[in-house]
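Just passing along the structure, written as C-alpha cells.
Chain lettering (A, B, C, D, E and F) follows the sequence in which the chains are written, and residue indices restart at 1 in each chain.
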Amino acid sequence: MTGVTWPKEGNSRVPYRMFTDPEIYKGELDRVFLGPTWQFLCLEDELPNAGDYKTTFLGETPVIVTRGQDGQIHAMVNRCAHRGNLVCLKRQGNTDLLTCVYHSWAYDLDGNLKSVAFRRGIGGKGGMPDTFKIEEHGLRKLRVDHFAGLVFGTLSDDVPPFAEYIGNQIGERIGRVMHGKPTVLGTTSQILHNNWKLYLENVKDTYHASLLHTFFATFRISRLSIGGGVLIGENSGNHASYTRGGRKRADRADSDKLYADIQSNRDGLSLADPRLLASKEEFGDDITVQILSVFPNFVLQQINNSIALRLVLPKGRNETELQWIYLGFEDDDAEMTELRLLQSNLVGPAGYVSMEDGAVGGFVQRAIAGSEDDLSVLEMGGHDHVSDDTRTTEASIRGFWQAYRPLMGL
Amino acid sequence: MTPDEVVRRLELEALYADYAFCLDNDRLEDWPGFFTEDCTYRVTSAENFEAGMRLGIIYATSRNMLVDRVMALRKANIYEPQRYRHLVANLRIEKTQAAPTGAIAVTANFLVVRTMQDGAMTLFAAGRYVDRVVRGGDSWKFARKDAVLDSRQIDTLLAIPI
Amino acid sequence: MTGVTWPKEGNSRVPYRMFTDPEIYKGELDRVFLGPTWQFLCLEDELPNAGDYKTTFLGETPVIVTRGQDGQIHAMVNRCAHRGNLVCLKRQGNTDLLTCVYHSWAYDLDGNLKSVAFRRGIGGKGGMPDTFKIEEHGLRKLRVDHFAGLVFGTLSDDVPPFAEYIGNQIGERIGRVMHGKPTVLGTTSQILHNNWKLYLENVKDTYHASLLHTFFATFRISRLSIGGGVLIGENSGNHASYTRGGRKRADRADSDKLYADIQSNRDGLSLADPRLLASKEEFGDDITVQILSVFPNFVLQQINNSIALRLVLPKGRNETELQWIYLGFEDDDAEMTELRLLQSNLVGPAGYVSMEDGAVGGFVQRAIAGSEDDLSVLEMGGHDHVSDDTRTTEASIRGFWQAYRPLMGL
Amino acid sequence: MTPDEVVRRLELEALYADYAFCLDNDRLEDWPGFFTEDCTYRVTSAENFEAGMRLGIIYATSRNMLVDRVMALRKANIYEPQRYRHLVANLRIEKTQAAPTGAIAVTANFLVVRTMQDGAMTLFAAGRYVDRVVRGGDSWKFARKDAVLDSRQIDTLLAIPI
Amino acid sequence: MTPDEVVRRLELEALYADYAFCLDNDRLEDWPGFFTEDCTYRVTSAENFEAGMRLGIIYATSRNMLVDRVMALRKANIYEPQRYRHLVANLRIEKTQAAPTGAIAVTANFLVVRTMQDGAMTLFAAGRYVDRVVRGGDSWKFARKDAVLDSRQIDTLLAIPI
Amino acid sequence: MTGVTWPKEGNSRVPYRMFTDPEIYKGELDRVFLGPTWQFLCLEDELPNAGDYKTTFLGETPVIVTRGQDGQIHAMVNRCAHRGNLVCLKRQGNTDLLTCVYHSWAYDLDGNLKSVAFRRGIGGKGGMPDTFKIEEHGLRKLRVDHFAGLVFGTLSDDVPPFAEYIGNQIGERIGRVMHGKPTVLGTTSQILHNNWKLYLENVKDTYHASLLHTFFATFRISRLSIGGGVLIGENSGNHASYTRGGRKRADRADSDKLYADIQSNRDGLSLADPRLLASKEEFGDDITVQILSVFPNFVLQQINNSIALRLVLPKGRNETELQWIYLGFEDDDAEMTELRLLQSNLVGPAGYVSMEDGAVGGFVQRAIAGSEDDLSVLEMGGHDHVSDDTRTTEASIRGFWQAYRPLMGL
C-alpha cells in the first residue's frame, strides 16, 4: 500500500518505518481497526441492565456499546447521522434513548433513528423534505460477539465468528482464566509514547520478561529457566504464553547460574512484607503466569492471582493508550480479594513487573528516529511462528507480523 | 481558632512540606518514616475512589510494604532518571475531629510536575490527599494516605510515589 | 484541488473530510483567507489617533492595522521585508514609525520602507548595494474598506467593495445593530478544538439554538416556535437570522407542546434574580435575537441588549480561536451599560446560551475520526439556500458551502 | 504579627481551602454560601481588569445570581463531565486594612487544572483573586471576588466557576 | 511550635507571597528591595546545582546588580509582553537554625506559569528556592536566594526573574 | 529534491519555505545531519576515564559517545541492534559494557556486540539460530575526529578530516579561544520555537548584534562602528566574526552619531554595579568578541571573558534546542572564574546580549506563516560570501546557504 517492501527475511525482520510512518498509521486505522478483526468492547457484566451503555473505540473511531431493551448487547459508531456529533458524551450511563444534544435527533438502543426534532417544521414551514427516510439514517452498527463474558465487536462482515477467529487452544486459555462471574476491582490507564505495535510486540515477547523486569528474576517469580512455553493460534496474531511451577523453587542453583551474567539478576533481596508475593492456587494447573493476546489489541493477563484485561488503543502514530481493567470473581472471599488487590502492585503503571513496559516502547520510538530504513531483528527461536514449550523465543511476535502483513498488503 | 489549633495547623502544613521535600529530593529512604507501622497507603484515581473501588495503582497495607517499594525502585525497577516537584496547598482539617492527640482527617490539594533528565517538564498529576494523621511521639504520622489523582491516565509510568 | 469530489446531492451533503484533511486546510489558508474575501480587522474606534495600531490575522497570516498620519486606516502583512521578522510585537500600541527590532528597518504607517540601518555601510565598507531600491521593499499592503464603523481587509484586488460584497439586506442588518458610536466593554477569546468551518456552520445553524441551548427554551427566550427567520445574501456566504417578539410570551401552551418531547425542555425553572433577563427595547423592531455572519469568518451578534463581534481565526485544521469583542454605545447611560454587562452572562465562554457552542464543534471533530468518507446531512428546510421566514432550516449553512466550494474548486 | 493577625491569616487560608474544596468536589450548591447576599462575583482577564473594563466572563451582582448559575449548570447547560483542581497560594492581606471585624482586601494566586472524564488534564487557568472579605457571623464571606485570569483565552468553555 | 515560631513561619509565608506579588504584577522596581545589599541571587538548574557548578542563568552578587537587571529589562532588552504567575508552597524552615534575629535557611517549592499577550499559557518553571533570610529592621530580607529549576531547559528566554 | 527551485538571485534570497516545509526538514535530517558534515559530540575532558559515556544527537538520531578501554573516544548510534531500544538511558555515566535493558544484549565501548542473553536457548530449546553472527550485529559506528579538545563525529565516510573541513583560518580562531585545558562551569539549554536554520542565520548575522541587542550599543560593548570583521572559511558554511578594540572607547562621539537615529541607542545608562562589565585581557589580541560557527550546527563564542560552546539541535521543522556549555580553563584563578561567572550574565537564556536571539527566530517563524513563497533578502554587503573587515554585511549567512544548498540539491 505504501512504498514499503517487506525484507526478504520475512517475519524475522521488521522495518522501523512500520512504527513511524504516518501513511502506515492511517492505513492501519482503516485496514486493521475498521477491518476484519475483533476488538474488545466491554465485559457483559459492565452493562447489567437494559439501557446501560459505555463508550470505547475501534482504533480512533468512537463507539457506543449498549444493553438493549431486548437484553442483547449492541454496538454502533458514536457519530450522529445528522451532522456527526458525538451521540454519547459520557463514558458510561443508562438511558432509554440515545439523544444527540446538538439537534435532539434520537436513536433507540440498537442505533435506529427514532425521531428528528421538528421533522415536519413549524407552522408548515421548514422541516425535512418528504424524501428524507428516517430508516436510512441510523447509527452505523457493529457486529458483536461474546466469549466467556467478554464482548467483542467489528465493522467487518467477513471476519469469522469470534470463537473461530481465536481457535480452540486460545479459547480454552481464555476460559481457564475467566472461570467465574467477573467483578471489576478497578481500572486505570497509561499513555505510552510509542506506536501501538511496539506495545503488542512487548506483550508477545516472552524473551524480555525476566530480563527487563528484574523484579521477576530477582524474586524468582518467573524465569525463563522455569518451565513454560508459548501457544500460537491458527490465526497467528493470537497467542498465550505461560509459566509453570513457579511456586516450587526447583533447582534454584542451576537457574541462578543461568542468570549469573545477566544484569537483571540481583542477589540477596527479600521483601520486608512478603504478603505481596503470597499467592493462592486458583486454576488447579500450577500455571503462575499466563499472558494472552487476541489480534490486534486485546490482552488478558494472569499473574499469580492478579487478573487484568488490557486494551491497546492507538492515539496517533507514536502515542498509545493502554487501558487496564482489574478483575476478581463474584465468589471471591475477602481474603482472595485482598490478595488480588495486593498483587495488583505487580502490574499497571506502577507495577513491579510491568512499569518498564510503559517506558520501553517510548525508548524504542526515540531510538529509531532517523533509522526508518533499518530493521529490527526477530530471530530468537528461529524464523517461524509456531507454538513451542520454551519462552526463549520471539515466535509469537513473528506470528503477529504474519497476521498483520496481509491486512496491510505488505 | 484556639492557640492549639493554630499550632496544629502549622505543624500539619510543615508535615506536608517535609513529605513533599522527601519525595522531590530523592530521599526515598526517609519516605516510609512518614507513616505508621500499620499504615495504609494508596495511589488511586478519583474515578475508582468515588466508585468505592479499593484497587490502587499503588496499594500498601504496612510501612514495610513502603520499604519494599523503595527497595524495588532502588534495586530492581528500571526507569529513566526523573524528578517530581510537589505543590501541596489548600490544607483542610475536618472540623469534626478530636483533640490534637487523636487521629485527624486531613485533606489537601496537590500538583506534581515531573521533569525528565533532558529537561522535559509535564504536569504529571493533580489531585487531593485524603489522609488520616496521628500524633506519633513528637511528630505527626500518616495512619492512612490516599493520593487521589483527578486523572485516570498516567503518563508512561508511576515510579516515585505521590 | 484535492482528490475530493463533492457529493452529487450538492450542498445538502458535506464530506467530513472537509473538516480533517490537512491539504484542504492548507488550500483554505491560501484560497479563502488570502483570497477574494473580506475579513474583519478592527473597529474604527479602536484606533482613534494617528499612530495607533493593532495586530490581527488573515487566516494564519499576521497583519498590522494602523491609523496613518493621514487619518486613514491602513493594513499590511506583519512581516518585515528584510528577513521576515514580525514588525509589530505588541497586540496594540501607538508609534510614528514601524521599526523592526531585528535590524531596525523602519516603515511608515502605510507600510512603506523609510530607512535601512547602515544602508551605506560604515566607513565605506558594507551596506546595501546600489541596486537595492528602498521603494521596492515595503510591507505587503491590504485593501481596506469600512462599513458602519467596522474595518475589513483583503489581499485580493478582485473582490468587490465591501458594501457590494455583503449586499443591501445584510448591510441594513449590520446598520440596525451598529446604531451609535461603539465603545468596547471588554474582550475575550476561546480556543475551540475543531475546524473553523464547524464553528461557522454552528453560527449559521438556526435549527440548533433552542435545542442545544436548553437555557433558551427553558426560559422561553428564543424558541423555533417564536416568530423569526433567516436572510441569506446574494453572496450566500453572508446571512442574518432573527427572532421576533420573544418578549411577548404568545401562546406559551402551544409552544410548550411543540417542545414537550424534546429533551431541551425543562419545566418549572425560574431565576432567583431575574435582572439577568431584564432587557430594554433598543432597536424599535421587537427583534430580540439577531445573529449575522459575513463570509468567511465574521459574526455580529445581538441577543437582547448584548452586542458582540466575533472573529473566527483558524489555528490548524482542528483548532480555532474565537475572539469576542463586547460592545456598548457612547450614549448608553449607566443603567443600559449595567444591562449589557449582566446580559453578557448569556454569551461568551461561560454564556448560558453559548457555552455549548464552544464544545460541540470539538465533539464533532472527535466523532468523525475514521469517518472522513462519510457525509453530514443538511436537509432541514430542503436543499436550497434562500431566505425564509422560518428558522427550522439549514438553508444558511448550505449557503456557506455554496460560497465556499467555488473558491476551493470543489 | 499580633495573635489576632495570626488567627485571621489562618482563618482566611482555611476559607480559601474550603472555597476550593467546594468547587473541586462538585459541591456547587454550597458555593453561593461563601458570598454575602449583595456580593459581586466576576471572572475576568488581566487584560480587561487592567484596562478598567468591567465586563466579566461571568458577572454576578448578587448571591442569587450565583444560585441561578448553579441551577443552570445543573439543569440547563450541557458540558462534558469535568473536574477542577484549584491550587491557591501566596495569600496577601493588605496591611492598610482595619480590624478583623471590618472588610479586608485579600489577594491570592491560583492555578486551576481541569481534568476531563477520559483523563486529559490541562492547565486551565492561572491568575489571582482580588477579593474583599467580611466577617459574617462566625465565618468569613466574600463581599467581592474578582477571579482575574492571566490569559485572555479560555479553553473550550468555562462551566464550573473559578 | 512556640508562639515565636508561629509568628516567624507566618511572616516568612507573607514574605514569599509579597515576593511573588512583586514579580507577578510588574513591580520589578520593588524587587531588589527584597534583598540585602550584599546579597547573592542566582537562577540555576538542579543539574548545575547538584553538580556543585556555580554558574547561574542569572548570577548577581549585589543588590545593585539586581537594580541593573531591572534597568536592562526596562530600557535595553527586547522581549514580548508576558506575565508570570508564581505559586510558592511547601515552605520549610531548617530546624537547626538560630533565633528569629539570626539568619535562617528556608526552602520552598514553586511553579511559575508564563502567559503571553495572546493568551498562550505554559508551565514555565518548576523548582525550589534554597534561601537564606535575615531580619532587616522590621522585615525579612534575602541574603541569598537560589532559584533552582528542575529543568535544564528554558522555553525561549528568561526575562522576568524567578 | 522537493518542488522548490532556488531564486535566480542565488544566496541573497532565501524562500521562507526553507524554514517551514516538512519535506525540506525530513531531507535535512538525512542529507545534512546524517550526511557529510561534522557535528560536535563533546569535549575530550567531559570523558576523562575509560568507560565514561555521554549521549547526544546527530540531528534527531540519538548517539552515544564513550571513552574506550583503549583510551580512545568512540561514538555510535544509540539504538540496539536487536529491536531498536535505546542502549544508554542516562545522559552520562560510566560503564564497562553497554547493556540494553530490554533483553540484556551487551556491547563493548566501541559498540561491538559481545553477548546475547540466552543465545543458545535454555535446555536445548529456543535461542538464536546458528546463522546468527554476533559480529554482524554491532551498533552503528560514527567516525570521530578531534580538534583543540573538541570532539566531532559524522556518519559519512566521504567528508574530509575535521581540520581540513574547517580550514586553517577557522582552525586558528578555534585554537585562539581554546588556549588551555577546559573546565565546564555549567550548562543550560533553550527551546526555540523556530527552525534550526533561523538560529544559525542569527549566529552568522554580524549585522544584527548591535541593533537587536541594544544592551551592546547602549553600553558601547560592541558596535558596528567599532573595528571588526568576518572570516569565511573555504567551506563557506564555517565562519568567525570578531570585534576589535572594544575596550578603548575611541571616537565615542562619531559612533554615537552613527547610532543616533537607531532605536537601539539609549543614552545616559550606566551600571550601578560595574563589575559585570569588568573584563580581563585574556587573548593578547584585543579582540573582545568572537563568534564562530562550524557547519552545520556548532558555535564557539567568546564575549570578553565569557566562553561558551553552543550546539543547535533540530527538534522538528519549527522547534530547536540550543544547548550551552560554559567554559573556563584549568589554570583560571578564583578572580578569573568569578569574572567568567559574572560575564555569563551577558549570554544564555537570560543574557543581556543574547536573550533576544532566543525569541527573534520564533518571531520570524510566526511572521512567515502563509508567506512560504516569499523570499528573505540577504543583500547587506553585496551578494557574495567572502571574508571582509566589516560586520555591516550578511556575507557569512550567504556562505551558510552556499554550503547548504548542494547538500540538499537546491
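Here is the rule we use: a residue touches a chain if its C-beta (ideal position, glycine included) is under 8 Å from a C-beta of that chain, and two chains touch if they have at least 3 such contacts.
Source: prediction; values computed, not measured.
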Minimum number of chain-to-chain contact steps, chain B to chain C: 2
Chains touching both chain B and chain F: A, E
Chain whose mean Cα position lies farthest from chain D: F
C-D against C-E, pair bridged by the larger set of C-beta contacts: C-D
Centroid-based (C-alpha) most distant chain relative to chain B: C
Rounded Å distance, chain B centre to chain E centre (Cα mean): 26
Gap in Å, rounded to a whole number, between the CA centres of chain C and chain A: 45
Approximate Å spacing (C-alpha centroids) for the pair chain D, chain F: 48
Contacts with 2+ other chains: residues of chain C: 89, 101, 189, 212, 356
For chain E, residues contacting two or more additional chains: 3, 6, 10, 78, 80, 87, 89, 111, 118-119, 123, 152-153
Touch relationships between chains, expressed as pairs: A-B, A-C, A-D, A-F, B-D, B-E, B-F, C-D, C-E, C-F, D-E, E-F
Chain E residues touching chain F - in the complex, by the definition given at the top: 43-45, 47-48, 53-62, 64-65, 67-68, 71-72, 75-80, 152-159
Chain B to chain F touching residues, read off their complex: 78, 80-81, 117-119
List of chain D residues in touch with chain E within their complex: 1, 3, 6, 9-10, 46, 87, 89-92, 107, 109-111, 123, 126-128, 150-153
Residues of chain A that touch chain B when the two form their complex: 184-193, 212, 214-215, 218, 266, 269, 271-273, 275-276, 321, 326, 337, 341-342, 344-345, 348-350, 352, 355-356, 358-359, 362
Chain C partner contacts - residues on chain F that touch it in the complex: 16, 201, 207-208, 211-212, 224-225, 258, 261-264, 356, 360, 363-364, 366-371, 374, 376-383, 388-393
